[in-house]
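Naming follows writing order (A, B and C), and every chain is counted from residue 1.
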Amino acid sequence: MKTFFKIAMLSTALLSIGAAQAAEDVVWWDFLSGGDGVRMKALIEQFNTEHAGEITIQPTTLEWGTPFYTKVQTSAAIGEGPDVMTYHLSRVPLGVASGALAPISAEDLSSVGLSGDVFAPANWEAGQSEGAQYAVPFDIHSIILYYNKDKLAEAGLLDANGLPTGLDGAENFTAALEKLKAGSEYPLSLQTSGDGTPWRVFYSLFGQQDGTFLAEDGTFFPDESIPKAVKAVETMASWVEGGYAPALTEYEGSVALFTSGESALHLNGVWEVPTMADLAAKGELGFEWGAVAVPTFFDHPATWADSHGFAIPNNVGKEMTPEKKAAVLEVISWMNKNSLAWANAGHIPAYTPTRESEEFKTMQPNATYSVLADTAVFDPKSVLAGVASPVYDAVANYISPAMNGELGAQEAIDEMKADLQDQAD
Amino acid sequence: MLRNHSRETAVALLFVLPFVLIYGVLFLWPTVQMVLLSFTDAPLIGPGKWIGIENYVEMFDDRRFWTSVRNTAYFVALTVIPNTLIGLAIAMMVSRLKGWQQSIILAMFFLPYILPVSVVYRIWNWMFNLQFGIMQYPLTWIFGEATPVFRTQWMFMPAVAFVTIWWTCGFNILLFLSGLRSISTDIYEAAALDNASRWTIFRRITWPLIWPVTALVLTIQLILQLKIFDQVYLFVQGGRPDPSMVLVQYIYNQAFQKNEGGYAAAVSVALFVIVIVFSVLQFQFLRARGEK
Amino acid sequence: MSDIVLKEVSKSYGAVSVLDKVSMHIQSGEFIVFLGPSGCGKSTLLRMIAGLEECNDGEIFIGGERVDQLPPNQRGVAMVFQNYALYPHMTVRDNMSFGLENVKTPKAEITRRVEDAARMLEITQLLDRKPAQLSGGQRQRVAIGRAIVRDPKAFLLDEPLSNLDAGLRVRTRLELAQLHNRIKATMIFVTHDQIEAMTLATRIVVMNNKKIEQIGTPMEIYARPATRFVASFVGSPAMNFVPVAAVSDVGGKAAITFAGQQPVQTAVPVAGLPTGNLTLGIRAEAARITHDGTGIKGVADVIERLGERTLVYTKLLDGTILVAEDEGISTIQPGDNVSIALDGNAAIVFDAAGKAFHAAV
């Protein structure tokens, strides 16, 4: 009897080794934690189930921002990078310049049905550098305005459809904040320290005035754009100065102010949609929430946007086998084709067939704010820009202090310009 | 007995060889490489073009480099001597205790030292938290309102220095305590019979006799604090990094964020020189004082 | 007047008692030696007089003033430590002047006193050196010098010779005696070396097991020890102890018989002697080898030839070893049968508890 078991166990072990050899393992790195991380894990599980015996994704989640990109760069340089990874399209210029990314040929892409045709043109091109494709878009994400329906109703700021009204125009927005002050500790919560939200809001407000961040000739803030930038910073600073927004508040704190019901409005990325949705589903939110596109403070609608995409690191000294490459392309393609689930994480799918599907068009609250995609302003294309870049640092050094009144708006922009120009030269 | 000298030399070399190899491979070679790298425009990884002293010329003209130098010097001033004096003071108090009481108190002071810097950062970030931090009680009492210590420019360095002292003084206490223990009790008894007051005993007996340990602690501290990085890097997260930038942080920033390997190497060489010059100078000065 | 008086002084660490009701009166100018084996409490007693150990019970007076509650510096005593306890970072001059500086003695006065003491101790040429540059003997002198400059009421010396080599120890001992003669200060000297005690002391305090066994001049201690412990601790070779088999009364004095031997007539009065379990104590110089066959009998075991005399370790009939003296040039070989005459006037009788019974004075 014992012998029988031994043989059974042995053969099972042998079988499983055989299976493992046949399947291609794809090492995956991402920086997705929190609400959208949960959804990505579900997607990966679904992928692995559908591809059982063929492809297995082995995911690892690293810390967002500088830690992630530093690790990618150093590990790729010694051939220890992953097979595929998530990557901000805003960071592609810097990634290519530092040699961290491997190009993906058009033939390879078309072999799994991916080409510029199935993405928005601007989105697709954001993954390119000097004509070569380095990243495949996965989503467009932006910032939106979360709101507490109960508080807005109280202040008379909801229209007949139950959507916020009267928030467009910088003065109107301030007036609305004043109305909301009675019912909230801070009418507007947003991150007011470091980089991140301050950059995203600044860039949106700047874009609404057609400001140029980086001119063709390499000048940061060309002269005619300086007053626009100052105006954007002044507007942001006025929220803190007027006591509408909390000073020196970090990202997590700004989210908590809204979810705990202490703020009526919250400016943050679409990736916090799952947080709200999950809290509401568990009945822990305590109020009804909604989200709309960022109001138009100035001349026309415009919202900062970036994209998550997929990229293959330039693993030095480690040639990718054709089988591995096929598996990686399958992963990228499958993820895009199943990106409706990713839309659940608040993002707008990059893959046009998904974005134009009936299911997405009726998905809430995405449908309400997906108009922003038409007026999105993407990060400047520069090796100094993108997530965890010198531009992000400059925001922490100049714009955030200006929001908190530690620096004048004019002074902040002048110094930021000088600093970035200095680093570019 | 006649000895075979060349044979003895060979054996001696054989014994020294492993150290020489390890020292050469792990210290000398990388150091030489770093110096060579500083004369190139290399990225973080991979070779670069030889550009002579261009990096150094640029460095002397680099506003952010000088900010880092100033901040590092400021941090050294805030920590080295205070940390040493506090360590000595606490060691003198602890040395008055006996047996298990001494062990417990010593363990309490030493405990922070075994914590990793990330934990130290978490603890003090909470302690100073604007909404919930216990340190806000005294801060509110002093400043009349809750104070975001790590977001207030002039408080940042002193606060990080304070946390650093809290974190590391346990080690200094240990060094001082062993120094104090090596002073024979007879000497204190002789001083007691010699009519020495407490202050006289400290000034004329303890302080001179503990001086070699003090010089050692000061030098270790100087080298350590010139290389400050972790605490400043962690506490500035989510804040304004530039005004409190220190040298190692600047090297990290240039190498890992800006991909400027050659320039980062030049700044590293500058720091290397600063550390060597200052620690040698200080040690010589302290030794000279001790011999006086 | 700087008499030192101890009244029922006791000391214990927790439950462990180290001194039990010690009393004595030390006259001004005396050289007192506390003698005893290690652990007897002699050093503790000295440190209590100095004020370095607390006094649990009893009273200490120095020069008529009660000092047991005073800190060390207010007792007017100076101490020489076993390890000298010189300040290693100070020159000899600074070591000697430190105590005077602390009481704000004028500079000129300090210089004068330090130089006087240095001259007396012949260390003038060492004044600018540091302790590490001195030999053991030189450090010893500096330690004494440091005590002298303070002109204390009493000098307390804690085994000051124990770290010196044999030759230096003898020389320093002599110098200490000379020093005491010259400055006539009260000195208390702690040692476990009975020769130091015998040679230096005006009076010896023999201590054992937390208590004083006897206080007396060296000759009293040697000739009329109060207890068997004192008798055995003082003198070299150690006193012989022979079990007593029988005692008979001859004219009021005890005639003592050992097992299988002729009786020995002693000068110890029979009156007051307990019966049974007695021991006779006799020093080697009072037990002489007779060459005419008289005296008690035994067999020579070990012969020690010291030159001016010979010590014969003799096994008596009952197996007891008795050390007897013979002249310097002795022909006795191990294994020879010997006869020994005991000087009954020098014999002492001890009872079972160790109490001594002497001949009447």
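Points worth noting:
The rule is short, and it goes like this: a residue touches a chain if its C-beta (ideal position, glycine included) is under 8 Å from a C-beta of that chain, and two chains touch if they have at least 3 such contacts.
Note that this is a predicted model, so its numbers are computed, not measured.
In this view the innermost chain, defined by its CA centroid being closest to the centroid of all protein CA atoms, is B. The chain with its Cα centroid farthest from the Cα centroid of subunit B is C.
Computed from the mean C-alpha positions, the centre of subunit A lies at a distance of 39 Å from the centre of subunit B. Note: centroid distance subunit A to subunit C, computed from Cα atoms, is 93 Å.
If each chain is reduced to the centroid of its CA atoms, subunit B and subunit C end up 58 Å from each other. The touching residues of subunit A, counted against subunit B in their complex, run 66, 70, 73-74, 77-78, 94, 97-99, 193-194, 247-248, 250-251, 253, 388-390, 393, 396-397, 400-401, 404, 406, 419, 422-423. Only residues 184, 186-187, 189-197, 200, 204-205, 208-209 of subunit B touch subunit C when the two sit together in their complex.
Put simply, subunit C touches subunit B in their complex at residues 50-52, 71-73, 77-79, 81, 83, 85-89, 98-99, 102-103, 146, 150. Remark: subunit B residues 43-46, 63, 130-131, 148, 151, 153, 237-243, 253, 256-259 touch subunit A in the complex.
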